[in-house]
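Chains here go by letter, A, B, C and D, matching the order in which they are written, and residues are numbered from 1 within each.
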Amino acid sequence: MTLQQPDPASNPGLEYFRSLIGQSFKDKSRSPFGRWLAGTLLAVEHGRLEIEFTVRPEMLNPAKTFHGGVIAGIMDDAIGATIFALGKKNFFTSVNLVVDYFAPAKEGDRVIAKTAIIKEGAKIINAQCEIWHAEKNRLLSRGTTNLMKIDVEV
Amino acid sequence: MTLQQPDPASNPGLEYFRSLIGQSFKDKSRSPFGRWLAGTLLAVEHGRLEIEFTVRPEMLNPAKTFHGGVIAGIMDDAIGATIFALGKKNFFTSVNLVVDYFAPAKEGDRVIAKTAIIKEGAKIINAQCEIWHAEKNRLLSRGTTNLMKIDVEV
Amino acid sequence: MTLQQPDPASNPGLEYFRSLIGQSFKDKSRSPFGRWLAGTLLAVEHGRLEIEFTVRPEMLNPAKTFHGGVIAGIMDDAIGATIFALGKKNFFTSVNLVVDYFAPAKEGDRVIAKTAIIKEGAKIINAQCEIWHAEKNRLLSRGTTNLMKIDVEV
Amino acid sequence: MTLQQPDPASNPGLEYFRSLIGQSFKDKSRSPFGRWLAGTLLAVEHGRLEIEFTVRPEMLNPAKTFHGGVIAGIMDDAIGATIFALGKKNFFTSVNLVVDYFAPAKEGDRVIAKTAIIKEGAKIINAQCEIWHAEKNRLLSRGTTNLMKIDVEV
């Protein structure tokens, strides 16, 4: 377990996501692409977040399995939300995203994105997102990203 | 320049994409997510392909710039098409995808994805995709991927 | 925790490493570069391994801190040993290695490499290695790799 | 070709490396691990550098081929030298390193590391290193890295 010690104090970003537990991001996300992904928030705490998605027809690749690009999109969006829920004063921007693909999913499958902050540095935050098949308890994909603090306040 | 020597012989996969030059993938792509991305094919040859996309409102992140996840999605989809146009007997599946982000784009901007095959091994193909701002001639992002041959014939 | 269910049965590869616990790889490793790294094996079990290293003068970069390339070398070597200890019939070769750097170490510091198998597929094994500062209990670096089964038996 | 427009003006860092062309880093590198790698500088210009290495016995893995960790080490060291030769006022530190492995080399083989700056941002520099087999003109490996400017002047 590499998660840093959580800050026990709450913050507006965390409270915002707590108020959305059990709801769909379809109408509520501040991320337009997040609304298209249309996940349902299952859980959130400092540095961790779980969102469930259903694999829709327009999320498939030519082999009719879950598109690797949509998986990458879920990771980037879910990690962005996790960073926002940390309640930092500044915005962070993605430097890179690395995704490993392990197993396919098909139309109608439900998948769960589980994020974690791996290292919270002064300038760089490193975060991870796993994608699990909801019913089979199988790890489908895992990604990591480095985000850099920028000189713009939230 | 690390591109392998191209196979001069054409193949049905390459001919298929050649017939689509100048057209939108919105209605024609065999990739459902590729139809959502709705790029226009600009050029294709053995191991290379160029597709232009317009940044639509639903492709934005909370900061109202081009979503990193959509950029990753474009890369995965464009590289998949490039592999298909190689005319291989077997399907290839993504082992990983690595994306570096350099500069933002905004709603309405046109971006061009340019793919290249870096190494064509017997079991693994390594490919790259650059995303350029169409008007500013600025490199926005670059990604690489390893794809593995699977025991399913095209 | 994404570790696959361990195979409870032992195997010659695992027994070999168990016999080396507490010893230095300086004279014993089958990996010539592993002998140069000269780690001491702290623990081994199915899919996990811990090795301690001392940062020697020749392992530094121009800024006189632990060279990122040596860190990558430790990861690659420690993950290779972890795979060997799985007792697979075939050899596996690295497809890629991804390393994130978080914090520096200096000459004389002791660091511990901790490996884990993230996904054990039929053709691809995905593994991770964390590098911890031994005394400060600080995560210095983390890497992941995909290894592919090759048609050569052990 | 994604190389940024080079700054035609020379600088002390670039002049330093120019003075070393044709010489071995074995005794001259400011990088202690670079001295162990013992490459010979073939060429240097703004944003590019070529170094030749010989695969020594202690650079091998258990399969008696060129150790992937040493390859990663060469990339990190050669890219670091390329950044130094840019003549920046500040130091840059590696955020990450990503390496793709394509083909093996064996003891005694000569390999050439060729670096390139892919994107020179204000805070982040993205750079690449290819490793070529010197005689076979075969691409063995390719890596990319993001380096971040730090608040320490050269």
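In this text, a contact is a pair of C-beta atoms (placed from the backbone, for glycine too) under 8 Å apart; a residue touches a chain by one contact, two chains touch by 3 or more.
Bear in mind that the values here come from a model prediction, so they are computed numbers and not experimental data.
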Next item on the list: Would you mind checking which chain's C-alpha centre is most distant from the centre of chain D?
Entry: A
Notebook entry, point to check: Is the number of contacting C-beta pairs greater for A-C or for A-D?
Noted result: A-C
Next item on the list: Averaging only over C-alpha atoms, locate the centres of chain C and chain D and give their separation in whole Å.
Entry: 24
Notebook entry, point to check: Cα centroid separation between chain A and chain C, in whole Å?
Noted result: 28
Item checked: Computed distance of Cα centres, chain D from chain A, in Å -> 34
Item checked: Residues of chain B touching at least two other chains -> 95-96, 98, 100, 124, 146
Checklist line | Residues of chain B that touch chain D when the two form their complex | finding: 1-2, 98, 100, 102-103, 118-119, 121, 124, 126, 130, 139, 142, 144, 146
Margin query: For a test of understanding, state which residues of chain D touch chain C in their complex under the given definition.
Written below: 29-36, 57-63, 67-70, 72-77, 80, 84, 91, 93-101
Next item on the list: Note which residues of chain A are touching chain D in the complex, please.
Entry: 95-96, 98, 123-124, 146, 148
